[in-house]
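Both complexes shown next keep chain A, but they swap its partner, so chain B is in the first and chain C is in the second.
Coming up: the complex of A and B.
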């Protein structure tokens, strides 16, 4: 199925990507996250929160076709 | 009660249906603490003072630098070198003599936060480092105060209201400070972005004080100034997080311009630096390669801060090395990293960086 991946802040910079359409066999968030980490190993050393369809999730939620998965970094500038 | 002059001053917002005189009095009775009088703090302060918030606290330990002026709109060229909190106080008193201002021209800490928060109804987080942000979060939870939060990275800004009526907190979004290695290259920011994000923050603060509208609680908004896109993401409360007391240590590796109070860093001053530059002494320049002025010396090693870990073998361990950057923040981070993780003991920081040095060209 197709999933839209979004990167914000320095994550977009480090991956040189802000939006990515991914055709994936992953049905659950953790599998998809691992797939994304393999595509962009640079993410392994960064901190981020994940939102699925605009809701921050901590658990391994089920994905459905067209889900939007956003990676949000903390930043502190003021 | 509002006097006639106040009624006239606030007329344009007072005639709004959901403000009226009662709303204006609510603003007058509100006490708001603004932490960080920088890029975010300046617009927040100007508009809260203008709107008639009755008591404003200003906390900032820093002084005005010329490189602040493109975005920190409370300050003028003549203010350089002066305490931000004191200058801000003076400007706001001139702007609105009907409000009370209290300043805290020192650093927020785990030890002082709760006592100060007790005196306010609402806290505004306009700080520039993770350490302060987690101190603010924890103290606000313990004192049961809502926090209006804003943060910037280059062209992107985040805004949220945390701990509002027992709602989600910053830790529900990011439970712990980031793990990324120090990356203190001051990120750069277009002057308007803190203005935009600061005004989103001021708007949330005014709604909270007035008790009107929908508060940006349980959500974080992300504005991208380049694409002009505004995204909103929902945050749910993480009930497994229990903050019982302040932590003793809020030092984080990913702080922006962090200060390592418990690591004793050996320092040299600009005078010694000027004397050493023409000798065989070894220097480590951790600025980006494009930064000016270029400094040449026989023993110069140039490694930008974010490459230090990969190029650590280029730095000698058997003789004194003087580490420097523009203003002494990144060099401190480099020393912290090299001391803690690579066992260096021979590093000296150039206090306050090369901006104070007479560099022979």
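Coming up: the complex of A and C.
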């Protein structure tokens, strides 16, 4: 299925990527995350959180076709 | 949905105008305002001249909306405005404007503090600290 991967801030800079359409066999978030880490090993040394469809998730949620998975660096608002 | 993201620095005039707009709302007895300002931090002998803010726009507007809803739920507010800059804001300029209004001071003040802390914690906003020599580093909220 197709998943949209998004990178922001420092992560977009380090991966030189802001959006990536990924055709993946991963059905769950952790598998997809590992796939992304293999594509962009630089992420392994960076701090990030993940939002699926604009909601921060900690658990290994199930993905659906068209899910948007965003890798977010530490927040700096305010 | 009311938008909270604001292009560039927030001018003092905008804040003054916002206060003026509330003078017709005579059920308000207290306002509280928080203003975030870009600091010229010195890091390894280099001075920050600006912060270039970026964000995950769709999620950020949603988060600001949820913070608004939570604040109205939790506090007895008459009015509430949140503006956060996106793009370049120079040192000394304003990047965050939170404006709460209520019948009495306690609600306005407590709500203002709550909202600012929630924004720091939950809003997917990222800040690139730009130095005089145009190099940069990424800011992290403490």
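General remarks:
One rule holds in what follows: the second predicted complex is superposed on the first by the 74 of 78 C-alpha atoms of A that agree within 3 Å, B and C clash if a C-alpha of one lies under 4 Å from a C-alpha of the other, contacts with A are read in each partner's own complex, and residues count from 1 in each chain.
The criterion applied here is as follows: a contact is a pair of C-beta atoms (placed from the backbone, for glycine too) under 8 Å apart; a residue touches a chain by one contact, two chains touch by 3 or more.
Since this is a predicted model, take the numbers as computed values, not measurements.
Look at A:54: by the touch rule set out above, it reaches both chain B and chain C. Contacts of A:45 after superposition: chain B is touched, whereas chain C is not reached. Applying the stated contact rule after C-alpha superposition, one finds that A:74 touches each of chain B and chain C. Between chain B and chain C, B touches the greater number of residues of chain A.
Contacts of chain A with chain B, set against its contacts with chain C after fitting on chain A, overlap at residues 8-10, 13, 51, 54-55, 70, 72-78. On the side of chain C, the complex with chain A involves touching residues 36, 51, 53-56, 58-59, 62, 84, 95-96, 116, 119-128, 138-141. Residues 8-10, 13, 45-47, 49, 51, 54-56, 58, 70, 72-78 of chain A touch chain B in their complex. The touching residues of chain B, counted against chain A in their complex, run 36, 38-41, 125-130, 133, 150-154, 156, 158, 172-174, 177-181, 187, 189, 194, 220, 222, 231-236, 238, 254-256. Listed in rising order, the residues of chain A touching chain C in the complex are 6, 8-10, 13, 51, 54-55, 70, 72-78.
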